[in-house]
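These notes open a run of structures that come right after.
Look for subunit A in each of the two complexes below; its partner is subunit B in the first and subunit C in the second.
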Partner chain A sequence: MEYTFDFNAVSLAPLLKGLWVSLELTVAANVIGIVFGFGLALLIMSPFKLVRLPFMLFVEFFRCTPAIVQIVWIFYCVPMLFDVFLDPITMGVLALGLNLMAFNAEAYRASIQAVPKEQIDAGIALGLTPVQRILHIVFPTAFRASVPVLLTNGIVIFQQSALVAIVAIQDLMYQGKSLATETYRPIETFTVVALIYFAVSFPVTQIVGLLERRRQLLVS
Partner chain B sequence: MELDFSILSKFQYALRLGLWTTLKLTVICIVLGCALGFAVGLARTSRNIAVRAVSSAYVEFFRGTPVLVQLFWIFFCLPLMLGVELSNFTSGVVALTLYMGAITSETFRASLKSIGPEQFDACVALGLPRNVQVINVVLPQAVLRAIPTLLSNCVSLFKESALVSAVGMADLMFVGQNISNNTARPVEVLTVVALIYFVIAFPLTRAVSVIEARILRKLAI
Partner chain C sequence: MAMSFSLPLVKMQALHKSYADGAIQVLKGIDIEMKPGERVVVIGPSGGGKSTLLRVMMGLEKIDSGSVTFDGKPYISSGVKESKTVIDMSVRRSIGMVFQHYTLFPHLNVLQNLTLAPCKVRGEAKAKAQDRAQTLLERFGLGAKAKAYPAQLSGGQKQRVAIARALMLDPKLMLFDEVTSALDPELVGEVEQVILQLAAQNMPMMIVTHDMWFARNIASRVIFCAGGVVVEDGPPEQVLGSPKEERTKEFIDRVFHINQ
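Up next, the complex of A and B:
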């Protein structure tokens, strides 16, 4: 088949506008995920079963259902169930943020468990309160150990953010879709869209690889 | 608002049909994706630079772009470029297999790498020929170690398969959205759809941790 490529048909301005929205969503979701993910991790490690169970259910639910189902659910059901009407971007941030929280909580949990027992004992010996122990001993160590996984999860959320196009938030994917239908140039448009996503994700994955290698060197 | 879950009983058949499509798609892509992933995993450790570069580019590209974009690309662009008509299902299988292949190749690569050099030294000491080394020493350990991650890849794929609804394939998510649009009861329908996904994915993730613990114990001996 003869097909003439015409990349001039792809105007970058709307795509970059969309990329900006995608990045906004990603950053906001990451702030929620990194901060509240740690709290969630502490809650699912609580010694009290009644505290632990509902939060474990929350985490498992977000980890075991498709992100697109979560996003569509939050967009349609939250306004109906709770009678709150938020603007689409806030809803998108909420959906992605909750999803990321669940995944980050698991990452934190693994590294909290890896904090050596002696450090906690030292904290007790120094007379630190439980809150001080968590803030000054557990959090810094666990956070540093989690950084590679947190970064990976963060970039996964950047990719998952493309799903909000389905509920008509004007992110990169949404702009790409409308550009493709406007110009009748799906190949060129989606190729450029894919390349933009790749250009953002790839450097971050390289950084994660670098961090992990450095970590292994330090350990060995 | 009042919830009425009984309306779903009318749509049982449609939901079951959607679930069947989802499962069929998932299983086909798991089988093809694992095979592809193993081949690519080997290719990435190849001594030939060209083979290594091509396979690495493939993996990085598919891991660095959203699955939704990959799906759209394959649905709209592959037929145009190849000049053949592809059915919805075929495009879905192609897209998800390529995705599964990319993430699985990383799993196999990591498990191949985890086999220590002393194993090879032992093989040499025992005078085992090369093919016996690969088949009886390297392969069983690599596959055993890959199983937990492979299983969680399968769960990811199962979840990502919901994306095909965005390109009009009648999977569970698509059927659910249709029903919720027609009945104007999104809360009930979408909740049930989410629960169906959960009921299938959750036991699998449990199995991952059980198997992981068992394999760790076995290898530690």
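Up next, the complex of A and C:
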């Protein structure tokens, strides 16, 4: 191969500016996903079919369509259908946050259902009310069990956030694309972009592994 | 005739309970009267309804029909609608239960396990509950474990913590559901000692156990339950020593591995 690599053309400043936007999107989406995901989990587990069904449909919609379609749909269809015009970042957060909410709700649901029935029995035997049992027994146990999956979903959303470049949000991917076009150095630019995504994600995946190993020790 | 006129602590009348829409009948008309201060040990083959009986007493299971009064007050009854069981929650609070699988809350340390219910259910001040908990733990030889998490304890320690946790609510009746069945043999003794300690203080209790040595040592009365009914009911010497009923005799022989 006759290609000479030249990384000098890749200036880090715009890429780091883009990374900052990507991180903002990720953090905001995770706040939505972690907080409202739990509420959504309780709703899809409701004993009342009329409550349960619409929210299950919501979850399945986000789980069964590509994230890029969701982003494009929210960017172009929501303003037209509902006549609301939000700034691009808010729209991006909304698209990614709703998606993450659906996936986190599923993670919460699985952990809530994995809380042993005996724990609930013990709560009843101790006279705790249903709300106290959810607050002091089910939620803490389920939340701890969910943490590895929540972190994994969170890091997936960081990577999915690259998709918002398509609707002109100036995230890391968008800055990388501009830089590649300006410098005619796509190979170098996208290599650096990939390394930046990796540098942020890799520590988190290691933490997930650590948490899972520690949890196995605790359970056994 | 010598008779005690003390009111029964527990009065179960015609308790019926089934699973799978009546397909499996677990309790087929149980009548038990328990006086204050009695320690009733329930023995019998698996699936005979022993554990279900205790779970009904704790208000963990619905009943099909029948009723339970506690300390003279109505406690459990089958409602007008067939699927409804009415449980008086204020009465239920004076009953404590310990389960086979410890059921300590894994995310709370020993002290927090003990103080959760007193603080949340009775609104007791945290400091006061902690003092009581520490005293109770010392009594059970667990004073040094207050800050330990359940995962750091042995089975025997966990079960003693579970007993202490139930006692924090000052129960008037304790239910023990096969509390030593999941333990390694060498840990059984320490848990049984704690229960014997309670017995010495006249705590009324209902115990389901397969440990006949323990049954003989703790019971003031033994009930043999099989096929959802009470087959035999009497003092431990009689039921365990020279049972009248053939089914009791068969069971006792089998448990003690006596071959004819």
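The working rule: the second predicted complex is superposed on the first by the 212 of 220 C-alpha atoms of A that agree within 3 Å, B and C clash if a C-alpha of one lies under 4 Å from a C-alpha of the other, contacts with A are read in each partner's own complex, and residues count from 1 in each chain.
Everything below uses one rule, namely that contacts are C-beta pairs under 8 Å (C-beta built on N, C-alpha and C of every residue); 3 or more make two chains touch, one makes a residue touch a chain.
Quick caveat, the model's predicted, so the values are computed rather than measured.
Participant: Between subunit B and subunit C, which one contacts more residues of subunit A in the superposed model?
Facilitator: The partner that reaches more residues of subunit A in the superposed model: B.
Participant: If we overlay the two complexes on their shared chain A, which of subunit B and subunit C does A:Arg144 touch? Say first, second, both or neither.
Facilitator: In the superposed model, A:Arg144 contacts subunit C only, not subunit B.
Participant: After superposition on the shared chain, which partner residues are touched by A:Arg63: those of subunit B (first), subunit C (second), both, or neither?
Facilitator: The answer is first: A:Arg63 touches subunit B but not subunit C.
Participant: Is A:Ala9 in contact with subunit B, with subunit C, with both, or with neither (first, second, both, neither)?
Facilitator: In the superposed model, A:Ala9 contacts neither subunit B nor subunit C.
Participant: Please work out whether A:Trp73 is in contact with subunit B alone, subunit C alone, both, or neither, and reply first, second, both or neither.
Facilitator: It touches subunit B, and subunit C stays clear.
Participant: Given the touch rule stated above, what does A:Leu163 touch, subunit B (first), subunit C (second), both, or neither?
Facilitator: first
Participant: So in the superposed three-chain picture, is A:Val193 touching just subunit B, just subunit C, both, or none of them (first/second/both/neither)?
Facilitator: Once the two structures are laid over each other on A, A:Val193 reaches subunit B alone.
Participant: Could you look at A:Thr205 and tell me whether it touches subunit B, subunit C, both or neither (first, second, both, neither)?
Facilitator: After superposing on A, A:Thr205 lies in contact with subunit B but is clear of subunit C.
Participant: What is the contact status of A:Lys177 with respect to subunit B (first) and subunit C (second): first, second, both, or neither?
Facilitator: first
Participant: Indicate the residue numbers of subunit A shared between its subunit B interface and its subunit C interface, in ascending order.
Facilitator: Looking at subunit A, the two contact sets are disjoint.
Participant: Can you list the subunit B residues touching subunit A in their complex?
Facilitator: Per the stated touch rule, the residues are 1, 60-61, 63-70, 72-73, 76-77, 80-83, 155, 159-163, 165-166, 173, 177, 180, 186-187, 190-191, 193-194, 197-198, 201-202, 205.
Participant: So in the complex, which bits of subunit A are touching subunit B?
Facilitator: Listed in rising order, the residues are 1, 3, 60-61, 63-70, 72-73, 76-77, 80-81, 159-163, 165-166, 173, 176-177, 180, 186-187, 190-191, 193-194, 197-198, 201-202, 205.
Participant: Using the touch definition up top, name the residues of subunit C that touch subunit A in the complex.
Facilitator: 55, 58-60, 89, 92-93, 95-97, 99, 101, 103-107, 116-117, 120-121, 151, 162, 165-166, 169
Participant: For the complex, give me every residue of subunit A touching subunit C.
Facilitator: 116, 118-119, 121-122, 124-128, 132, 136-137, 140-141, 144, 218-219
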